[in-house]
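In what comes next, chain A is part of two complexes: it sits with chain B in the first one and with chain C in the second one.
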Partner chain A sequence: MKGGAKVVVEPHRHEGVFIARGKEDALCTLNSSPGKAVYGEKLISVEAPPSEDGTTSKIEYRVWNPFRSKLAAAILGGVDGIHIVPGAKVLYLGAAAGTTVSHVADIVGPSGCVYAVEFAHRPGRDLINMAKSRTNVIPIIEDARHPLKYRMLVGMVDTVFADVAQPDQARIVALNSHYFLKNGGHCVISIKASCVDSTASPEAVFAQEVSKLKTENFKPKEQVTLEPYERDHAVVIALYRPPKKSKSKD
Partner chain B sequence: MSSLRNAVKRVEHKERAQPASRRKLGLLEKHKDYVLRARNYGKKRDRMQALKLKAAMKNPDEFYFAMHRKKTEGGVHVLDGAETLPHDVVQLLKTQDLGYVSTHRSADERKAAKLRESLHMLEAGPRNKHTIFFDSEKEAKEFDVAKHFDTVPELADRAFNRPRKDTLEKAQVTGATNRRQLKKVLKKRDASYSELMQRLERAEKMKKAEVHLEAQRKVMNSKGTKRKVQEAKDGRPAVYRWKKERSR
Partner chain C sequence: MSFFVLYESASGYALLEVMEAEEVGSLLEEVQQAVLDPQRFCRTVKLKGFQPFTTAENALENVNAISEQIVTDDLKNFLEMNLPKVKKSKSASFQLGCIEPGLASAIQDRLGFPCRSDETVKEIIRGIRVHFHRFVKELDGGVGEKAQLGLGHSYSRAKVKMNPARSDNMII
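Moving on, here comes the complex of A and B:
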């Protein structure tokens, strides 16, 4: 290897996510369509450790900017579980142009699947374009308030991720979970305090959203705020219809 | 005798390179280089000496024609050609200054934004709040970070990445792995951060300068009577108020 490697890539707590250091100091995911960037993000390629027969190959990562993605900010904020793992099926509400969705697709890999719902047509076009190079993304241009309209497209999912930035987000999540989320699955929702109630303090808004989730049969697990990447934002992770306490052993 | 010695071919002593142990001092100076340096030094020394001599030998009463044109005002020597530029020229120059500063500020901001895309301030330490919900008081009391996150105690505080114990066992770090390479890589990363900081700082300074220039330009271009209502302070320009006037 001439000149030595220029980056170090360490695996992250969450499978499929990595931390790269070099000229950059960045969160990244494995690029599932090597050589191509989705939205102009930086690509980092690293020589893979040689396999048994001595051949070397390159691994390519895509930088995942926490200043643009709430999920990335939550990961760097230290969440315990994002419940988006290789092989998982994820319903993503509020996909916009698919920047975050593309990273989620990288994580779940070819055996997983991302159903990306977005109702605005303009970002929807970019989303559909992105899905062309990532076959595990199923773009759905519909209003997330009417899950019946896309029930034929979506199967049962392990996780619902929501970033719709609407005041009735909790209701939207509950509605979708009712149709698509398996019992014992998780929801990961990003809350922008000013979108829900711009007069109340952010903490109060987060608490209010958590209690709304509770009434909808969710059991909150954790909540992280997104400083320094976003102000007055939080990501809440909750368990859906927790299985009844059967394991009385522990 | 000496001529005889010259007839025999002598060993040619080649000049050595810098010894490896002194490599950090840079290239070793050769005779060739010394000659150049010494000539340069000698030339400058001689010139200085000549000038000093000339100054010392100067006749203070010597006449120069330039003396006819020079004058003093209240005992102070005034330079000619220092008259002020016309108002509209100054106005034009000020807009040009403003344009220059704002172009460079936006270039710095753009480059900083580009750098920030892949500089995520991982090591800066968490500045957010992480809440974990428990079923009972007891669970909350027994909370242990390393245990909860299933990681080793050394990594428990590293919010941006607390690898699970089995990740630590299975997965491996790729890319630069030996200590020397690692050091090099981290040096590059630190250089990127310092570039980011410098660009942000400079953009900030230029933003300030821009505000001042803009204020100056507005004051210069304005018509009507104005009054200063606040002095310049905290890096902000002075505030003026104009008398209200009917426009027609």
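Moving on, here comes the complex of A and C:
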């Protein structure tokens, strides 16, 4: 992030996410382990507002690259709500090496937590190392297809985020949600059309995945494509076990 | 006929007695409300016993066994201590609910307790997962998450280390 002292950091519409305004604008999150970058991303340090006794301190942010993170791309794509907010508990399926997980951990902060599930061992090692310096990340090296295997490690969560790039992704999300997602919680799914069905048109694949979610007691809320950051990708957000609208105001 | 459920947490095993369970229509709005309301839920489900793991090694041993559907000696002792005694001549007067069908049959084979694992058990365990810190007061205020954090790290580290080839297990 060039621009030196000129950089000003403003809160984003989504709580816990920030925008750094410099020569170019960049999405960023508050670094919960200051001084350390997780995957070589840029760090931005700005003066904090002076405290009551007049001492100044620095606050550090990490730049969040939408080309590397589908969640960041969805935010820049103008998604209405990511349902990942300070204090939230998130089940993250397909954590990979933990690059996006580290930003999610920054957003939920010390009062929230992220259960990061990854099956492959090689990125899993990086994930565990990242989690060492972030105590709100609980690394789980296990197959997301078998949520019962890690049932002892996971509590009830507010949001399930999935980026597993598997043909049966909707089923995997539903399976996990039945055990761990609270009523009225949300799932945020990143869908790569070619991973589900490489012959159908992307729009048809997205519609098909949404209809699968509907049969599993999800109510689709919104869908954004990740252009220009990813091709033929969409993020779908759905509400799980929506509360019935019975009493008018209560 | 009494009905118990086994709940495995990162901190230890818990046995809860279900006073009344809705066998059908567990997704109905009213039943869901009863599960979500802590007071109503704590009235229908009562904690019978809780056994915390003694050490981190002990917890790791149990989580590994549970994920492979194996009954450990800890679990065996815990269940035998807290469930009503079964007389040899008569069949047991209770049922044990277990979320994992594989573990349910393992318990049934090894200990002879009649087990069940169905949608009702699943919904009750969902409720317990929401309210667990209310049943075991020691786990309130983030202590439960601490246990999950520690256990998650040791479970995952063991998994990664166990692969001597240091290569990915690809899904085919």
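What we mean here is this: the second predicted complex is superposed on the first by the 240 of 250 C-alpha atoms of A that agree within 3 Å, B and C clash if a C-alpha of one lies under 4 Å from a C-alpha of the other, contacts with A are read in each partner's own complex, and residues count from 1 in each chain.
What we mean here is this: a contact is a pair of C-beta atoms (placed from the backbone, for glycine too) under 8 Å apart; a residue touches a chain by one contact, two chains touch by 3 or more.
All figures in this text were calculated on a predicted structure; none of them were measured in a lab.
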(message) If we overlay the two complexes on their shared chain A, which of chain B and chain C does A:227 touch? Say first, second, both or neither.
(response) first
(message) One more residue to check, A:53. First (chain B), second (chain C), both or neither?
(response) neither
(request) Between chain B and chain C, pick out the one touching the greater number of residues of chain A. (result) B
(request) Tell me which partner A:26 touches in the superposition: chain B (first), chain C (second), both or neither. (result) first
(request) Name, in rising order, each residue of chain A that touches chain C in their complex. (result) 113, 115, 119-122, 124-125, 127-128, 131-132, 135, 138-142, 148-156, 166, 178-180, 182-183, 217, 241, 244, 246
(message) Considering only the defined contacts, which chain B positions touch chain A in the complex?
(response) 116-124, 126-133, 148-149, 151, 159-164, 167, 171-177, 180-182, 184-186, 188-189, 191-193
(request) Please name which positions on chain A make contact with chain B in the complex. (result) 4-13, 15, 19-27, 41-42, 46-49, 59, 63, 65-67, 75-80, 210, 219-228
(request) Spell out the residues on chain C that touch chain A in their complex, using ranges where they run on. (result) 8-10, 27, 29, 32, 36, 62-63, 66-67, 99-100, 122, 125-126, 129-130, 132, 144-145, 148-149, 151-153, 155-157, 159-160, 163, 166-171
